[in-house]
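Below, chain A partners chain B and then partners chain C, in two separate complexes.
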Partner chain A sequence: MNATEQIVAKARELLESGTVECVIGYERATDGVNARPLFVYQAEEAGKLIFDQTCAHNLAKYLLNRKGKATAIVAKPCDVRAVNLLINEHQVERDKVLIIGVVCPGMVETKWGRVSEKLRQACELCREHTPVVYDFLVGEPGDEEAAVEYPDVARMEALAIEERRAFWEKQFSRCIRCYACRQACPGCYCSECFAERLDPLWVGIRIAPSESWIWNTMRAFHLAGRCIGCNQCERVCPMNIPLSLLNRKLEKETLELFGYRAGVDAETPAPFATFRKDEKLEVGE
Partner chain B sequence: MSDYISRADLLSWLEKVSQSRDLVAPVKIEDLTLFQKVERVEDIVFDPGNTDLSPKEFFFPKSEVLFYVDRSDGRVELVPAEVEQETVIFGIRPCDAKGIAVLDLPYLEEPADALYRQHREKTTLVGLSCVSACPECFCTSMGTTPDDASNVDIMLTEVEEGFIVQVVTEKGKALLPEGLLSSKEVSPPAAPSVASVPSEGIAEKMHQVFDSPYWDRLADRCLHCNVCSYVCPTCYCFDVRDLRSGGRVERVRSWESCQSPGFTKIAGGYDPRAAKGPRLRQRFAHKLLYFVEKFGVTHCVGCGRCVRSCPVNIDIREVIQDVQGLGVKSEA
Partner chain C sequence: MAVGHEPRIVGFLCNWCSYAGADVAGTSRITYPPNIRIIRVPCSGRVDPLLIVKSFQMGADGVLVAGCHPGDCHYSEGNYHARRRLAVLRPFLEYLGIERERLRVEWVSASEGRRFSQVVSSFTEQLRKLEPRKGAEVEVSS
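Up next is the complex of A and B:
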């Protein structure tokens, strides 16, 4: 059985047995070539499920809308790390989520109506093909994964600070503050985002370079040590702002300072949610 | 015989236009095509297909100061903002031009929005008809056509080596210098065929399916970002805030969207549209029902931008199709 057939069979079984109320997976989009999220509530509808290299959406975000309800989720390695993040942060209960993990072949670059054979940059850089945890696995687990590298971040770090500033000024100037990055991000779930807070007012409502600068940098900082690298922010950005570069810089710093990567398990306390009196970072000393 | 202009003459005319006014046209910005103030006319993109954002921002900017509050000697003075700059938008497609005509309905209805009216009065639209159709477009189902010249001041249609020119309004005529156009034995290409959507009677159907569970199911996958509203040529909602800027206060309005969390939150914290289903339904009910009831036309021009840009493929063409089907079932 291929991945799609295995997912369909598992979803049908889970719904028929009443193990879960809903299976969140993917179906074909209206352009005929891309994928879109699908919520399956009836076993008869499980046949619509698909899995291929266009299934780039991180469905873990949707678990936040189904708190306390038994739900199965089709999840790639990065999506599984998002589930771990949400469990770790007490947003989702492990025993309410059934993870249909998928051994990931990497997702490809797509546009409306078009699918290329080129891997997405995030998938090109990713070293994980087998989910760190699952209840049911689709595909054969691969060999041990290679070490994580950050060639894109290294290129940015090699630039002079003025060049970096100019680069980001140009990128952020395109931002239309549609908040697609936030809405797609499994780690962005504040009941009131700082960007919408009136008291205190962190950032004004203008869609203009200075406000966009604040929005984009604060968004990234709020994900420091929490971003699981699924790259949804960048995938959904209608203005093609390379947001993952910011997230990956913070991910690299967190890895170097704390030896921590978010979502690898659901138990290790996150560095920025932990205070240890004896901790010495040699930062600012 | 048609009025005609060669591509070279068109570019040198646009160059002259740009010396006295802001010339706005589609240009490439990284991988995007956007309407922007043109620095060099050679940068103008003539390729078929819609820009990533609509040109509505030149009438309804992303953010705009409505008025300033000046305080001196214990007196408070309100200074209205004014639009000074004359602008020419070149390369606007018929769907986007129709989009501006649709924006006119709420914004120019008395009492008209003063700034919108000034932007409108100071802007001349030079349209470019579509000689090919994008797969996501459905303009002919939304009251316009790929060669509709009725909402621009001048319409151009690309033919070999140049363009057929239709001067539509006096404003358009005033922009063209004497002797710029020549007469040529050339006829316009046939308008491309555009995919159709069953929009007939959609307002009535929307009424019937208002309470359908369909909206909750559709909203399951909606992320409630503002992409659809912000790429849309007709979405016109905004938020208003007073901001201190230097020694004065500015009243600023910025784009907002009915899909935003908290868009309808009221004093005391209650939000009548907090749930995902009613929130998503609002977008389609406004476009296909409320606006039709109030102004007699759909609040969609079929440009296909939301279809192309939605991160989770909420496709208005499919919604219209589904709603038509739902209506039938509910009567059975």
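Up next is the complex of A and C:
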């Protein structure tokens, strides 16, 4: 059985037995090329489910709308880490979520109504193919795991500070502040985002580079030690701002300073939720 | 370095140690540069990175966060949390093009008036060596 058939069979079984009320997965979009999220409530509809290299969405975000209700979710390794993040932060209960983990071949770019051979940038850098946790696994687990590397971040760090400042000013000046990055992010679930506060007005509504600067800076920093690197923010960005370069810098810092990677398990407290009294940290004293 | 430029420092001082330390500097007639604008906060742990980033957005040349020495926090552990957050924020700001020296974290107790003066003096001197920063008000695009 291929991945799609396994997912369909499992979804049907889960819905028929009443183990879950809903299975969140993917179906083919109306353009016939891309995948889109599908919520299956009836066993008869499970046949619509698919899985292939176009299933780029991180469906963990939708678990936030199903708090307290038994739900199964089709999840790639990065999505599983997002589920772990939400469990860790008490947004989702582990016993209400049934994870249909998928061994991930990496997702490909889809452009102009065509599926390309090219892996998405995040998938090219990703070294995880088997989910860290699952209730049911689709596919064969492979040999894991090569060390995490940050060649893209290292390239940025190698630039002179003025060049970096100019680079980011240019990137952020293109931001239209549609907040799609936030909407797609499984870690961004505050009921009131600082960007929407009017008093104090942290992010002004005028069209100015500095307002986009503060938005992008703080969006990234709010995910420091929490970002699981699914790269949904960059995928949905209509202006193609390289947000992963920000997220991965913070990921690298928290890994180096605290030895922490978000979502690897659901128990270890996040770096900013804990501290060690004797730790030596460089803060400029 | 621009001629005649005076660096502007936003100082977030914890109510229990550093703010009292600054007060001691004042009552003891210890001088320190007038470049710092002091904002009193309940604890260094209260200093949301957003406050710091906002200060830089508005054109601050430097931001000083001062709190009780580790172990002496009035709320037991606020400064430990601050230390972790700011240890990550500094390299992140540098990555965005704001030198990490512009954000400084210092531990100043309620009796260390002289130390407070020294911290502000050395920070001001350090910032004089850097280019002045442009504030938000000069960046409005058409």
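The definition used in the following text is that the second predicted complex is superposed on the first by the 279 of 285 C-alpha atoms of A that agree within 3 Å, B and C clash if a C-alpha of one lies under 4 Å from a C-alpha of the other, contacts with A are read in each partner's own complex, and residues count from 1 in each chain.
Everything that follows uses one rule, which is that a residue touches a chain if its C-beta (ideal position, glycine included) is under 8 Å from a C-beta of that chain, and two chains touch if they have at least 3 such contacts.
These figures come from a predicted structure and were not determined experimentally.
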Can A:L38 be said to touch chain B (first), chain C (second), both, or neither? first
According to the stated criteria, A:M156 is in contact with first (chain B), second (chain C), both, or neither; which is it? second
So, A:I176: does it touch chain B (first), chain C (second), both, or neither? first
Taking the superposition on A as described, I'd like to know which of chain B and chain C A:A208 touches: first, second, both or neither. both
First (chain B), second (chain C), both or neither touched by A:G18: neither
Considering only touches as defined above, state whether A:Y62 meets chain B (first), chain C (second), both or neither. first
Applying the document's definition of touch, where does A:R235 land relative to chain B and chain C: first, second, both, or neither? first
Do any residues of chain A touch both chain B and chain C, and if so, which are they? 206-208
Going by the contact rule at the top, pick out the chain A residues touching chain C in the complex. 156-157, 161-162, 164-169, 173, 194, 202, 206-211, 213-214, 217-218, 220-221, 224-225, 246, 249-250, 253-254, 257-258, 271-272, 275-277, 281-285
Footprint of chain A on chain B - complex, ascending: 29-32, 52-53, 62-63, 135-136, 217, 220-221, 223-227, 229-231, 239, 241, 243, 252, 254-255, 257, 260-262, 276, 307-309, 311-313, 315, 317-318
Write out the stretch or stretches of chain C touching chain A in their complex. 49-50, 53-54, 57, 70-71, 77, 80-81, 83-92, 94-101, 103-107, 136, 139-141
If you look only at chain A, which of its residues touch chain B in the complex? 29-31, 34, 36-39, 57, 61-62, 65, 112-113, 174, 176-180, 182-184, 192-193, 196, 204-208, 235-236, 238-240
